[in-house]
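Pasting in a structure now, in structure tokens, and then I'll have a few things to ask.
By letter and in written order, the chains are A, B, C and D; residue numbering begins at 1 in each of them.
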Amino acid sequence: MKLIYFAWVRERIGTAEEEIELPAEVTTAGDLLAFLQARGEGYAEALRDPKIIRVAVNQEHVGHDEPITGAREIALFPPMTGG
Amino acid sequence: MKLIYFAWVRERIGTAEEEIELPAEVTTAGDLLAFLQARGEGYAEALRDPKIIRVAVNQEHVGHDEPITGAREIALFPPMTGG
Amino acid sequence: MPCAIRIVVQAEPFDTAAEIATIRNADANVGAVVSFSGICRDESGRLAALELEHYPGMAEAEIGRIAHEAVQRWSVDALTVIHRHGKIVPGDDIVLVLAASSHRQAAFDAASFLMDFLKTRAPFWKKEHLANGSAGDWVDAREADDAARERWKRDTEK
Amino acid sequence: MPCAIRIVVQAEPFDTAAEIATIRNADANVGAVVSFSGICRDESGRLAALELEHYPGMAEAEIGRIAHEAVQRWSVDALTVIHRHGKIVPGDDIVLVLAASSHRQAAFDAASFLMDFLKTRAPFWKKEHLANGSAGDWVDAREADDAARERWKRDTEK
């Protein structure tokens, strides 16, 4: 599965995107955040306050309780500040 | 005193402006409308429904109960439709 | 902060792009420019033109009063109002309102407020010229326009 | 009636005047065009530039979803949204929203709605470059922007 990071989430994790195999028990966006937090210091720092992290599955916003199983592309990013 | 008419008020009265001497008892905008209605058929037709006629004294909107004594210029016109 | 107010009443067409270019440079803190263009429609082919009569002197004065009220109510850096009179054919501009501000909501509110008050307070009257060549009638004032104006009343005025 | 929707996400500057000229001719029944320009400010000299990061693909898709929601809610003839990314200096455009309609309120509402949702749903992030040469930080999301979006919720969603 392709993971993509933007803005300060990208900077803190230290990469813009990566391919990752998720364990079967990671089924929701919230599960994914918890799983990634344990992957290292950069991830822990980026995802320290998971409440504010936004998740998009296949380029659509999803809530943290929504399923991610079978997703092609998942993006994690801070609240948007465009416009 | 100078009276000015616009749009269909002007067309029905048949003149764009005129100078007029007002009797002393004509003190409000409403008095003026009643006074003019009696001046002839065109005036009666133009001012038949005085509620909807707008009055401006010296180029400012006024209510029908407001004084007009001493005005330099009074305009009568239908509801505005600009914009 | 003082607000630059530009009010023009004229028969000639105006240049919307040039007006926007001017107002966006009114101040280095302008972050939002809202423009409203009111355009003559042909009403599905019914109209050949609109003829706008106005009250010279009062038109400018009343638009000025409306603009000053907007400046009191919202933090805007600059306002522009241009209103045409005379004969206007479908597709041509009737009115332009611009509001420049640091933030978008003040610009949207000021422009929308200006339009609602222009419609119901500025001394202009539209007469229709019909496409079939016959003389048209004066456009009736719309109750919806009065209602639109009423929503801006402050609680103390209701 | 079908609504012409034009969505562009690009690094290059755009021509606001040309965009307005296009949308006002979208339909002979366009009587109102509202435009919103979001412009990079220098914040009283503090900023040298803003750098806008975006999520290619999702940015266009999400703006499209927002535009379609606007079309469901208001009777608009055409909508245009142009959002830039990359480095933008003070005075330059960041975003342009245009709404064309027969009547002014639909155009004002659709443009204002589009901006409120762009601010909080479109995947763009601003980083500051400071005028004193030091690296700036990512701009924080504003609670006021979330509040502005909330006001559009329909009663059934509250």
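The rule is short, and it goes like this: a residue touches a chain if its C-beta (ideal position, glycine included) is under 8 Å from a C-beta of that chain, and two chains touch if they have at least 3 such contacts.
These numbers come from a predicted model, not from an experiment.
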item	value
Distance from chain C to chain B - Cα centre to Cα centre, in angstrom	26
Rounded Å distance, chain A centre to chain B centre (Cα mean)	71
Rounded Å distance between chain B and chain D, as computed from the means of their C-alpha atoms	48
Contacts with two or more other chains, residues of chain A listed in rising order	none
Touching two or more other chains - residue numbers and ranges from chain D	38, 115
Chain-level touch network, classified as line, ring, star, complete or other	line
Pairs of chains satisfying the touch condition	A-D, B-C, C-D
Residues of chain D touching chain C in the complex	16-17, 20, 24-25, 28-45, 90-91, 102, 104-105, 107-108, 111-112, 115, 148
Chain C-touching residues of chain B, taken from the complex the two chains share	4, 6-8, 56, 59-61, 75, 77-83
In the complex, chain D residues that touch chain A	38, 52-55, 57-58, 61-62, 83, 94-95, 115, 118-127, 138-142, 145
